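Shared between the two complexes below is subunit A, which has subunit B as its partner in the first and subunit C in the second.
After this line comes the complex of A and B, so read on.
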């Protein structure tokens, strides 16, 4: 199989397989969560908790208010830079929207490629900084395990290979593009079984947190 | 430690794992922000005290038994089983260095309610024989004597006599059909009997009927702090039986944070049915009286005062505005700490920490957070609404050579009550 044939395979069957594993895996993960169930709260409630739960789902993505703990500025800035950059790259690069359209029929306007390129660099730099921080900080180093580094690598590789392919860096374009798509497939396949699930489960977690606090009359 | 006790502990812990727990564990990315919210971490910088890490054995149990990946890893022999030795090591993290204050749960960007899980983890710890001695003692006394500090009805009756001698007011015991059933904490009966007198005077002025049950006057619940739901339920049931027998409309939780959580929020869930009466914290009741114009005060304090929010009242209980409304009635120079209300810092002794001798050292280290807050604010006095916070703060202040009066809010209000005769005279 030469690189052109390989590219064809990763674009076709490879992607199909990865997507199915991703979807099926996430379905299992969500079932694992929801099937456990939860006891009904029998205490006299101050409020239903629904509004508070929904608000917490969003509010924990927003910068903390003035009165909240002094978040370590680094984690805060690098965390935002990485996540926003990643979001823009995934959803606003023309070829990515084309792939999504071919799979789902949904499309939306793209951002100019040079703009997305800037966001890619922001993401890459922020990720490297976060990795350095994880290794250098006594607290984070102590807390981190293989799962954290695996999730980092799985996310970093598509960004890096995508950036290299776009700029035709060091390797032939076909090979780089194949490597990029392959790294995305690896990400998709392992997604449901790693910390990457947080992308979706944080909203469930925030819901429970906000809802349970809301029932007591606290906006969490 | 036997294999049976480990198995029993793990079984109990398995029962604790529910949808929220699974969603929480699925979402942690080890960002470390919970550490900055925890006073046991900020005051020691010991990474072992990072809140999420305190849950590690429980997280592993969840992963190994409730996720596909974990089950696969277990099958391939890639996962480490939970051992007695490990749980023994975790005792310090789950009990000594966590006051269940809930601050981490409020700042986690992923939304983990870590406190909810520590509370659950303690069930497994206690069942496997890894609860601290101090809490075992308190719980045993609570079950056998009705009070974690061993305070008997006789001691309470003696305090009632003092109140009568001081104020001329009777403390009503076992009055059927009274509006309020007043609960007390042992700490109040022994260390702050002023509370009882304050309640008597306020209700006398408001012309409200109230009573104490001779069968269930203790409000605190060691069963919750140690993590044994069966015992916690039994302690709640005593109060429920008394409230139903006396046909009261409202049960009043005293100036104690955990007592409030125990009876107000956990209570019905522990006994498995909703209550037929209301449960309110004394501050909520006082705020209701204020709204109805039944709390008549006179005189305003000029001293610069602040309020220490008991965690279980604010963050975990939703009693946020009531204390502020009440303090403003009698204090001109009321100032807030930088982090107050639902973002307050714990005193360092909640969640059973104060009953646990092993935690004596760390709890005073944790107090340094409150010390810093108070130093920044430069206040003349501190008001709070939890006997447990109060004793910790008094001890912490003394330890740090800080001289500052600490007072309970109910007591402060009572000291400003309008003179009964003067009021009645003025009305005619």
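After this line comes the complex of A and C, so read on.
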């Protein structure tokens, strides 16, 4: 199989398989959570939980006000840098928007590629720093298992191969582009079965926390 | 033409000035990224080159490659050099026909056994020998026969190099490139649909100057001509970087000459010299005419998901299959969720309630 055939496969059958497994797995995981249900709230509602739920989804995604100095600064800075970088890279590069548009019909303006490039570098550096921190810190090292390193690798590879493809580093672009798409497909396939599901569940959890607090009239 | 005369003599006879000849040598040297010091070497080698015998085999092809070379532009030195080789067999260009033509091929093969150049355009059908024949002989047989005595093979055009259009899905004739059949001879792929004329003459010049074929890339193409990426050399590249794209062929972006990526330009995965040497006597190349690159010098360019779909877009996705995954996941998720619910209800039912009375007695059931 030459690199052109490889590219054809990852854009066609490969993506089909990956999307199938991703949707299959994510729906199992999410429906399992939703259908488990929650205890009925017998108390009278103090306020609507909806607004509080939405507010908490956003407020807990922002850095906590005031006391950040007492938190582990490194984790905060590197964590935010990596996540913001990843968000920008995934959703604001023209070829990525083209993929989303062809799958869903939704499109929005892209950022200039040098800007996306900077965010890619930020993400890559932050991820490497976080990995180093995880390995160097005795506590984190103790808490980490294979799943954590797998999730890190699955996230890191698309960033790295995408960066290499854009800059034509070491290999011809065709093969690099195919490797990049393949790395994303591996990410999609393992996504529902690793800690990467937090991309969805984190907002569900924040919604529940906010909603429950809101219904009790508690600020969250 | 007398085969004993040198290339230099023939060119002079054709009215090519010394100045024009050296200019060609310098252009070829710079095209092939050779140092300027090599120009006299090239000139000397070409001057003294005896006309090499060339046998040109056409298989499943459209003659576009020959058209490209012979009609490239008003007589040029590239064209004349082409005249100056001893083209002993070529369907389209030779005067002889029928058995006389085949005889010419056979005698050229005999006289120059081991030294002639074999040029092939077109792919070879393997599904049925009868799909493409020359004088009743199948393409496969004739290729094997002629390749035996060839010094080297030049696969001209994407069909001969990678299968090209006949090889496109579903490949009804079982078309394969030359390299799939011949493995014991040096093969240079000069792909393109058609290839740039100067690339052919460049490869010939290299062969005549150095007595060997040029350095090749991983797809068997001369690095000197196929080492550059169209996207990297494209004059519209700044618009790609800025995120300015033509969305259709007649919108404002198209009129302003913005990037054609969204309209399916395959420049990023295409390695060819179009953006540098250009076409029609250096006039322009397809992107300059407002159409995206088709990627014609790459394998399987017909199957790259459509000429007008962006390179990153998925191809051949079946919404039904993907939806099947979603439905399957939803069903399994629902079943598992309901099972968990049942488990929860059972656990709750089994849970023993302990009240004040039980505690008072100091015992539990």
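The rule is simple: the second predicted complex is superposed on the first by the 213 of 220 C-alpha atoms of A that agree within 3 Å, B and C clash if a C-alpha of one lies under 4 Å from a C-alpha of the other, contacts with A are read in each partner's own complex, and residues count from 1 in each chain.
Everything that follows uses one rule, which is that a residue touches a chain if its C-beta (ideal position, glycine included) is under 8 Å from a C-beta of that chain, and two chains touch if they have at least 3 such contacts.
Computed from a predicted structure; not experimentally measured.
Once the two complexes are laid over each other on the shared chain, residue contacts for A:106 go to neither subunit B nor subunit C. When the two structures are aligned on the shared chain, A:32 is found in touch with subunit B and with subunit C. By the touch criterion defined above, A:19 reaches subunit C but does not reach subunit B. By the touch criterion stated above, A:202 is placed in contact with subunit B alone, subunit C being left untouched. Of the two partner chains placed by the overlay, only subunit B lies in contact with A:144; subunit C stays clear of it. Of the two partner chains, neither subunit B nor subunit C is touched by A:136.
By the touch criterion stated above, A:210 is placed in contact with subunit B alone, subunit C being left untouched. In the overlay built on the shared chain, the residue A:5 is in contact with subunit C alone; subunit B does not reach it.
Overlap of the subunit B and subunit C interfaces on subunit A comprises residues 28-29, 32-34, 36-37.
The touching residues of subunit A, when paired with subunit C in their complex, are 2-5, 7-8, 11-13, 15-16, 19-37, 94-96, 98-99, 102-103, 109-114, 168, 172-174, 177. For subunit A in complex with subunit B, the touching residues are 28-29, 32-34, 36-39, 41-44, 46, 56-57, 60-61, 64, 67-72, 75, 79, 137-140, 142-145, 148, 151, 193, 195, 197-198, 201-210, 212-213, 216-220. Per the touch definition, subunit C reaches subunit A in the complex via residues 217-219, 229, 231-232, 240-243, 245, 261-262, 268-269, 271, 298-301, 303-305, 309-318, 321-322, 324-326, 328-330, 332-334, 336-338, 340-341, 344.
Those residues of subunit B that touch subunit A in the complex are listed here as 17-24, 26-33, 35-37, 47-48, 50, 52-53, 66-69, 103, 105-113, 116, 264-269, 272-275, 278-279, 314-318, 320, 338-340, 342-343.
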